[in-house]
Amino acid sequence: MALTKFEIAQRIAKELKNGYYVNLGIGIPTLISNYIPNDISVIMQSENGLLGMGPFPKKENVDADLINAGKETITTLDGSSLFDSAESFAMIRRGRVNLTVLGAMEVSQNGDISNWKIPGKMVKGMGGAMDLVASAKNIIVAMMHTNKQGESKLLSNCTLPITGIKCVKKVVTNLAVIDVVNSQFVLKERAPGVTTQEIVSATEGDLLVPEFVPEMNF
Amino acid sequence: MNKVFKNADEAIFDVENNNTIMLGGFGLCGIPENLISALVKKGSNGLTCISNNAGVDDFGIGLLLKTRQVKKMISSYVGENAEFERQLLSGELAVDLIPQGTLAERCRAAGAGIPAFYTPAGVGTEIAENKEVKIFNNQEYLLEYAFESDFAFVKAWKGDHLGNLIYRGTARNFNPMMAAAGKITIVEVEELVPTGTLDPNHIHTPSVYVDRIFEGKNYEKRIEKMTIQ
Amino acid sequence: MNKVFKNADEAIFDVENNNTIMLGGFGLCGIPENLISALVKKGSNGLTCISNNAGVDDFGIGLLLKTRQVKKMISSYVGENAEFERQLLSGELAVDLIPQGTLAERCRAAGAGIPAFYTPAGVGTEIAENKEVKIFNNQEYLLEYAFESDFAFVKAWKGDHLGNLIYRGTARNFNPMMAAAGKITIVEVEELVPTGTLDPNHIHTPSVYVDRIFEGKNYEKRIEKMTIQ
Amino acid sequence: MALTKFEIAQRIAKELKNGYYVNLGIGIPTLISNYIPNDISVIMQSENGLLGMGPFPKKENVDADLINAGKETITTLDGSSLFDSAESFAMIRRGRVNLTVLGAMEVSQNGDISNWKIPGKMVKGMGGAMDLVASAKNIIVAMMHTNKQGESKLLSNCTLPITGIKCVKKVVTNLAVIDVVNSQFVLKERAPGVTTQEIVSATEGDLLVPEFVPEMNF
């Protein structure tokens, strides 16, 4: 069975380590915060100027001066810090954010990512995505394996305008966990019940398939 | 030298058509509400606005779009409003999209007297077109320039008569860098306090950057996406 | 992940000979006293120290000079001590003199992932030799590079267990940029407080930059020039 | 009568305007703060991280964490702000400091200044001087007109290593107030009782002498 977007988030949550500083993009990545193991503590960075992003506020505590990068009202936590946007991207470019999880329209086998622009459609902008993918040391993409037309989103080359080059380290889709190694996709795990062949068919780029590919566990 | 103005109308007395204005804020958080309203009232047009976002249809920079005062937006993320999209598609409005960290750092550079710097953001993408590329430690970087602007419109939480500022929460965002960058920096604060009441160790923007300051009124502080538990 | 160490000795366990270390402080103000003492005790030598000043004969970096642990100083102003001068003249010690603002900005660039930037300081002087010159707005600027360092030794006033820091007075100086710049950042604080006791809006250095933190002891805080009314 | 260093400071104090942000170097410039007119308020910047430098503390208020760029213990004032060294030089390079007063070994008629290094002598470093002279919009040099050997310090070209080029706008010496205009010294004021001829003799660089040169008043 292909994973739901919640299960994709749940699988990625296993990549978190205690003490990690993490930046989660909009969409599936945001869901990850619901699956953080109880025995570890991670600190969420919101690029509009907050480390230690807490949960949504109770209605009576809503504060217009406290939002996240998705413009949602949020809260601070013990140990939070507030800063300006230059400082926020300073720590991102410096490589101090341990993990960045982003959605994508396409990922190529050399780790390029496209997620900001579709030619012919209204372009809203890259926001902080170009800075994040250019600087984060550890980037995981969370996305569906194929698009709505059933075409692979894991490609030999991106067809859409690029957000960043050679930056994606790992892709978690509804079908598989795939690493990007030496300009090649490497199949690491299958979604429960999904066959290697199904994944191969759904992957346009070069996919290295080891002899034994375990099923994911959560 | 008195930096204190009575209100936004008086503080923007010398804004002219075709000026470039930096406006603080992220989404609708930390935006200079009073200054935007005064600018709508004043009617200056042909403006270039440097601001991370472009507001919504009936709030923030959206108000300046509705009155067609804006010629160009320099932003990282736009289009949360229909009028913006209409003007963009019809060619009435130009937009320069810039990675958010580069936008922030170009403001910071302007405020720090650094004319240009190198950043990895955008390497290999279309925003690298026509930009100087330089290699440091085997990695490519793009040369990016400090912004030039005629005015910075800044919103702070508290400010004293000398112009020392403290921001609150994530309403800080682009405000401090723009405060430092503006050729003329105009600040609205929720609370104008007597000089000497703010702790020198807690100041976010030192007074030296501030040319004019006033206490704003009728803050709406609209919330773009109300999310609760 | 626990960042809290018992003391300076344990916090510098992996410093090696020939490492490059940034040390916060201006004169003797805001220097990492405990870390310097531990480094003297550990005896690592061949060190390159990036620090605005080089201490005095019997305090600050002067202690590391006395034990001949320093191979090179990268500073803006040195020589407040006789041993320094002796080693320099004898060729035992190398010194790179850098304009103070450039020194600060090269630390800041390192902490901000900016590999290089342009600055006007030093144009037309001997420090411009062998540096790339570029013209912006009809003015010459020099290309200056981010510092690379193995460790940053930082002194703060208060810090929490997560590594959020608040500095005090002019003891802030180079500490925040170095905290951000260090490959491994080790911080000593006068008071280590429980996480959650510092106001998020007053943090000078966010925890993300700090790898190790400990509460220092026996602060001498020596005054270089006591001036009173 | 040639001015004392206190009178040089007193004369420069007349250049201060209400609301000015001022950076004073070590030596004669430091003395200027004693002569600020009562009817104006100026804010002193200390490049180690303070705006609004106050007087020396009383003995019981000495604080090792509060020093100026000369490493002297000082105090803060109402309206002071504290910041790091990067921010301090940011405001200097940005041109937000209205006036910088420095000592010098030599000044040339095109506005070059030498004040950091004497070949053959132990070099202590430029500190913040190179940043200040490269960025300040308004630089006044406070110095003696001649050196201890009686040689002019106002030269056609500096002989000592340069601190900054084409930056000095005005020189106040024990003999005169001299502006730097179009690569020439221009005599503006004479010290009380000092003749134009004495000033001309003591100035090696090109000195434009207007028909009438007033005496300074304080």
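In order of appearance the chains are A, B, C and D, and numbering begins at 1 in each one.
Methods note: contacts are C-beta pairs under 8 Å (C-beta built on N, C-alpha and C of every residue); 3 or more make two chains touch, one makes a residue touch a chain.
As the structure is a prediction and not an experimental result, all values here were calculated from the model.
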| item | value |
| --- | --- |
| Least step count from chain A to chain D, where 1 means the two chains touch | 2 |
| Chain A-chain C separation of Cα centroids, rounded to whole Å | 36 |
| Centroid spacing, where centroids are CA-atom means, of chain C and chain D in whole angstrom | 29 |
| Contacts with 2+ other chains: residues of chain B | 105, 112-114, 119-120, 167-169, 201 |
| Set of chain A residues in contact with two or more other chains | 50, 76, 82-83, 86, 89, 92-93, 135 |
| Touch-based graph of the chains, sorted into line, ring, star, complete or other | other |
| Chains touching one another, given as label pairs in label order | A-B, A-C, B-C, B-D, C-D |
| In the complex, chain A residues that touch chain C | 17-19, 21, 43, 45, 50-52, 76-83, 86-87, 89-97, 135 |
| Chain C to chain A touching residues, read off their complex | 1, 3, 110-114, 160-162, 164, 180, 195-196, 200-201, 203, 206-209 |
| Complex contacts: residues of chain D adjacent to chain C | 46-50, 55-59, 62-74, 76, 82-86, 88-90, 92-93, 112, 122-131, 134-135, 161-166 |
| Partner chain D, residues of chain C touching it in the complex | 26-30, 52, 75-80, 85, 88-89, 97, 99-105, 107-108, 119-127, 157, 167-177, 204, 221-229 |
| Chain B residues touching chain C - in the complex, by the definition given at the top | 105, 109, 112-120, 134, 136-137, 139, 141, 145, 166-169, 201-202 |
